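Both complexes below contain chain A, partnered by chain B and then by chain C.
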Partner chain A sequence: MSHPNQLETVGVPVAQVGAMARVLGEQPYPCDLAAAGLLHAAVLRSPHAHARIRSISTELAAQQPGVAVVATAADLDGPHTRFGVRVRDQPVLASGVVRHVGEPVAAIAAATPQQALAALAFIQVEYEVLAPVPTIAAALAADAPALFPEASATSLPVYGPGAAACAEPSPNILWEFTLRDPTFDAVWAGAAQVFEDRYSFARASHYHLEPFACLARWSGEGLSIDTCNQDPFLLRQDLARIFALPEHRVRVAAHATGAGFGAKSYCKLEPLAALLARLARRPVRLVSSFDEEMLSVTQHGAEIVVRTALSRDGAPLAREMLIDLDGGAYADASALVADKAGYRGFGPYRWQAVACRVRVVRTTTAPAGSYRGFGGTQTSWAGERQIDSLCRRLALDPIAWRRAHLLRVGEAWWPGEAGMDSDLSGGLAAVVAALDPPAAPHAARPRGVGVAIGLKDGGGEARPANAAVRLTADGTAIVQAGVVEIGQGATTALAQVAAERLGLPLDRVTVAAVDTDLSPHDLGTHASSGMAVTAAAVAAAADDVVAQLRALAGRAEAVVHAGTVEGEPVASLLKRRFGPYGADVIGRATVQAPRSEGLPLRSQRLYWMPSWAAAEVEVDPLTGQVRVLQLVVAGDPGTAVNVLGCIGQVEGAAVQGLGQALFEHLRVDSAGQPLNATPWSYRAPRATDLPPVFRTLILESGLGPGPFGAKGIGESGNLAIPAAIANAIEAATGAALTSLPLTPEAVFRALHVDS
Partner chain B sequence: MYAFTYQKPKTVAEAAAALAADGDAKVVSGGQTLIPTLKQRLAAPSALVDLGSIEGLAGITVAGDTVTIGAMTKHAAVAHSAEVQGAIPALAALAEGIGDPQVRNRGTIGGSIANHDPAADYPAGCLGLGATIVTSKRELSADDFFTGMFSTALEDDELVTAVRFPKPKRAAYAKFPNPASRYAIVGVFVADTASGIRVAVTGAGGGVFRATELEAALTAKGFAAGSLDGVTVSSDGLNSDIHASAEYRAHLITVMAKRAVAAAG
Partner chain C sequence: MTQLVLNGRAVTAPADPQLLLGLWLRDSQGLTGLKLACDQGVCGACTVLVNDQPMGACHLFVWQVEGQRVETIESLGSPTRLHPLQQAFHDHGALQCGFCTPGMILAALALLRVNPHPTREEVQAALSGNLCRCTGYRPIIDAVLAAAEAMAESPP
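Up next is the complex of A and B:
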């Protein structure tokens, strides 16, 4: 900022830009878009978990009223047409084999959505049903059918010392990542006591209200897609490869979306819409139903073995995590999730040595991909559950143990890695202090308090971002950046950052829509990078504008504030320099966090994103029903650019974590058939689930890498919740639950049957 | 959804005639069960016969010791009715616990019992209280009306028009809800009635049923929760699904029965 006084816009709580339009239903979504000659798509999906496609006959369907085209894998095949992060194994339409219920097998574009849907019934597919592989255990069994007998196209990143990864080490394992501190064995050997426990993590549905939706059209210039995808530039690369186009012939317009929680990252239905549009030579809109959405991508279920070594006095020495993630049928982002889950999954304690092995196991279930927390939810559950159980076994107080052994600011468990940048112990004390005094003990319904600290990192790996800030001739500003507004409040916060640096009031700054033809390049709404990386580029681009204004004014020290340069209105300065119409002043910046070749992932964590939670529960021992009486959550945004946005993110994530803890679980039967993949049968949290005491704390460390000391906060709120609640149940009853969700029957069994 | 024709008769007789004329026609009341079924293409009726315009099918009357509820009466109307709250508070509470506000303001008692979802609440209230189901053709005791999962004694062209509940000495309903839909995983309706103690169970089995072992214990030892101590219900034939195993359901039947007895006072 060019004005010497204190912050004027950053740190001021404001309602989200565009909130009113969303509330009033004026915000258009891709499913609302129209185009001349528009066709509507419907997708025929596999009814089987695993089957060979013997034949597909589309002639009858093609003759149905309104049908323009019917597409199958025969219309688009070859290795370059598959997609997936690092392992490209997912076809646009099933090719030869279907590997999960709901996999797209064929698609129709017709004049109306009803005609497209009705015509699906006329596509005849002959399947030869193959043995399903519904679970991690089934996939790893010696006699398991190989889901991918042939190798996929892969691209492995380069790892630094200590880390290694392997794509497709065996047919049903997609990816294996290992990390091992060279001193691990020696430290482990010196331990006075070791603990090994196994934890299960149930996969949840993203359950985003806005479905997958896109509108594809071709012109002489190439392909143009309007979509709710959160990674427009990554999608552009995928589409360019799949349709053999240069990137400048692919345009992705990313619209403000109606939630995603990770589901809308990377390539989704866009290539299918593009294929239909190309075949039909007309624009095609593809909008999935909620049921289809629930079969398209999910969170990763996991089986996790946690091995922990302590010294004689109970201090942490070493931890090893053996993590099997249920990757479902196709890669999606699993390889990335695996690396991250393993690399930072040990919990924020002063370990002397760590090691992990993460495997992504392929099953004949919906593909698992990015989900808020990106592997951190799974590891925080297992690691934080074990801390409480081992404290109980050693008769130690779990809160006191944590406070003694949490990483202090600046400390790291891997030499050379970024030090902790939050006051972990202070945060823990804060959430505990924010609980109301526990109510008097209830004779028939035991109560207990539990805490947990979840952890993930944010900001990606040496991630680049570009931004531009355009000052118009009247002195107002337009921010251009590639972060998609997915409800996280990026638009508002980026506008605040630019306004602060330009010395403009917030209402004189607009953030432009994201369009790959127009917007500066960014890797997308990912890794909670908006505030830590893209905002830094926006701030620098605004600084560039200020520098240019000073140059135009001819004074290097000119005060730029409130639309004036050294007292002269910007509009007047621009007219003086550029003539009666003035001119835009365009500031640009590129930022990138540095590489650190000596580290396992070859870059330092850009920042740490801890999640603190304290919960008080009441357990009905006769039914196993758990009531969460109090829940306090905290997150650290470094500096809260917009504290209302921070509260919204942490609170919303906490409710997601509450669902994960108590009931969310996408299930399949032994044939791989989904049992509750509909909004009617799947239990998502409701307003009435909120605990009577539900508090959110925003604890600003000021230590973030972003402008004004900001960090990301969007993925923190859910990480600690499942473990905090299970820890509270253990405190109340002694029942040591190791599987999610904590359903009444599971709690009842832990209390009465298993013990 | 498949195509169908839509009729809105003015009288019960017209509605029954429409059903008799077309074997594939179906009645629609609140539509809370039927419309989702159509949307999922699980049913393809040729015609929908909407009972919404028939006068006199909705309403609550209390005469002496009998509460009569018209088939088209919404769950919310029963829940909020001062007459029902006064005469059979357990029934008003049962209605208040069905689904969510939208469902309670559309769904009807006639639709609920005609549908006889094995996890629905009203069948437990009807069977527990020993209600009489009034149809376009006859009157049936609840014991005779509910015949099994999603089935009743109703004939194809027969409509439920009302339900008559005798006022009990005391009664209560305790439900352990399904976490997703709020239907009953196990719901137990207990009533101390002029004709004896009745315990009706929903959610646990293939349809609503009377827990005779619990009735016997309460009758022998008195209408008190303690009378059920040590009384277990067999899990044979009970439902096992993603929400609960048969063993857990069997256990819950006794727990919910005790809670209902305690609540009935």
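Up next is the complex of A and C:
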């Protein structure tokens, strides 16, 4: 902020901060943590999708070698121990009933992990198996067993005009969100043509490599947890409530973690580790296995009806989305996903009126929660598939239709809502132009090109964030902010922003680890809001440091640059003012976007996160096999603080989207038993799955709300991919697929059976 | 007792028939660069080199490496002198969370020892046993190709 207008650190591609430790194998992760007297936990999980627990006997297990303690719901139960976002329905250990395969029923802490695992076999549980509810349809059936006969503790946000929500409107529906433009019916009535189509979205597994890991210990009156969680301050509130502690007696240290893609958000197994540690009065480490993690939290499967009204000349008039999300057994973040999916699920076109109804349906499957895209992946699949299908029915070119009807910069589909802040049409043209010219048509295997534009908003509206920047006596700086590094590159970008504002080279800035006792408060790394919100707080805190340096130098206009103030080294200035040891200069800031009470969610979207994709596929009609020959993806970071990090986010998400499109699907059978919830049987993309042509474009609009015009990009790579590939299949063959994944069986069926 | 050569040094491991190599390296030898992720031989995060072959330490017993050379990520470079593969991963954005990185680098090293000038497709095939959920693989493949060039110019 100091002097030159031209940026020195922001916008320069740099290796990720922390990359050195990672290539050396020296980066500690939560699963590596140790402590004196450490015990290791193992969790007994339900083998049934739905059952009543008649009895649990732990005596034999408690006598096994090395076992320190065995815990059941008898050790921690009651309404205050339930957790979940907005609907608190999930027990730490199953209480009376199990509702999904893999639900924790009891847990053991023992001297070694092997002893803990071995002792699980000696816990005797008597179950009375109940009717499973494995699907949305089963849960909504008239004779479906009620999964939650009693109401949960809930907290409803206040909504503005047009929006409403209801918690637990019926026992098997967790949440219902509705949005309706008052003019919707009138606009719909004026339509020349309407289309209604139904789409299915298959749930994926996060498949992050480091399974859940945490280490809990009690000392005196307080609880301390080292964990992989990306929401340390929200977790602190849950732990404080569950263990009846004031927040200052709960410390959450959040460590750099082996990825999460949403799976490590909100309260997870930390209360269970804390319970074991309290009972044993020793530190306890709980590390899930990969299999356990696949049964702990998943993406939301969905059934989506899209109703679209067009004018006589094919222009968009109104769109209604009826979305049923498979929430699994417990709330987790489903209520939030529902609101978000519904509110911004219509696609980035010039709708005159929109409406939606989103229901989160409870099933006896693993709880669904945050997953990269947060409802936007599901709605982008359905909405963008329908655009191509209706264009084909109207003999319109889907690319030309989109370019004619996309929102322009500044336009919104809801009056007063934030206008579009990306050049949507330009982005679409860019991904299409980046495709190689299609090869000559293949006689036996038709080829086609498809495009799609996914959309979600970047989170962070009305979200408060604090940050501090400490300039040390030698003139180097430490950034303190509550954003956890989960591989998204937050540490690097925050360091770059602070370095730029302080006029320091990047290697003189570090970012502190997150610890709720020490770090400024932040609601966590969510919805790609780190660049839009937390980075703004960091920039302002750095500006505060610069202002203090100028005051110390006695000149309001002093040039602060390259570790000097008006030419004097910072270290020298600090010694001159504070004595031979100098002193830290601490800058602070709090930011929070203002509310807009007249809007349905009472705040403007902070920014929009479009996801452009173009794909060329080749389909083998004999087998239904789809080969993606080319894939081009694009995202808009506003301003790329670190373009290497932006490419990494978009490209990595795109390959996740490729898996979602072609093969990822966490399946259960009619009894609710998982069919492929193991790393063996679940197919995730490998290096050999990359399309032969795979390109990533970073399109900088400069229109982000964050410092230097930055905005988030972390979820923009995957949203459009499934629809772009299915649209390419339709272009190649005419087969209009409506379900994911686009397996050979599904494509073959669409080509030869359904038609 | 099991005798082996671990990162260039002769060491002795207990004769426990159930002792897994990955756990022993992490818990007894302090070599935590090796990561246990899927723990079932699918993801490659636990890759070590056994007589130059990339193998999953999560599902090898210690007695299976009797008399063999075992290398982990800790044997490669140091902060002041990164191995060319480590340097290339660092410079090419070939990691995000970094959990797969040690195993990925060792799998790439095994390839470059037998095939110093691989094609892009050969790199993809050699890394197909190592999963990365963050990067989408492209920068990893680029890093391995860049390291191959660097190693051809000045062998590590």
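Just so it is clear, the second predicted complex is superposed on the first by the 753 of 755 C-alpha atoms of A that agree within 3 Å, B and C clash if a C-alpha of one lies under 4 Å from a C-alpha of the other, contacts with A are read in each partner's own complex, and residues count from 1 in each chain.
Here is the rule we go by: a contact is a pair of C-beta atoms (placed from the backbone, for glycine too) under 8 Å apart; a residue touches a chain by one contact, two chains touch by 3 or more.
These numbers were taken from a predicted model, which means no experiment stands behind them.
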Between chain B and chain C, which one contacts more residues of chain A in the superposed model? C
Thinking of the overlay built on chain A, is A:25 touched by chain B (first), by chain C (second), by both, or by neither? second
Between chain B (first) and chain C (second), which, if any, makes contact with A:647: first, second, both or neither? second
In the superposed arrangement, which partner chain does A:209 touch: chain B (first), chain C (second), both, or neither? second
Please indicate which partner A:357 is in contact with in the superposed arrangement: first for chain B, second for chain C, both, or neither. neither
Give one of first, second, both or neither to describe whether A:289 is in contact with chain B, with chain C, with both, or with none. second
Touch check for A:690: first (chain B), second (chain C), both, or neither? second
For A:261 in the superposed arrangement: first (chain B), second (chain C), both or neither? second
Could you say whether A:595 touches chain B, chain C, both of them, or neither, answering first, second, both or neither? neither
A:663 in the overlay: touching chain B, chain C, both, or neither? Say first, second, both or neither. first
Do any residues of chain A touch both chain B and chain C, and if so, which are they? 680
If you look only at chain A, which of its residues touch chain C in the complex? 15-16, 18-29, 31-32, 206-211, 256-259, 261, 289-290, 486-489, 644-645, 647-648, 651-656, 678-680, 684-688, 690, 694, 696
Could you please specify the touching residues of chain B with respect to chain A in the complex? 36, 176, 179-181, 242-245, 248, 251-252, 255
Which residues of chain A touch chain B once you look at their complex with the stated criterion? 622-623, 625, 662-663, 667, 675-676, 680-683, 743-745, 748-749
In the complex, chain C residues that touch chain A: 31-40, 42-43, 45, 72-74, 76-79, 82, 86-87, 89-91, 93, 95-102, 105, 123-125, 127-128, 130-141
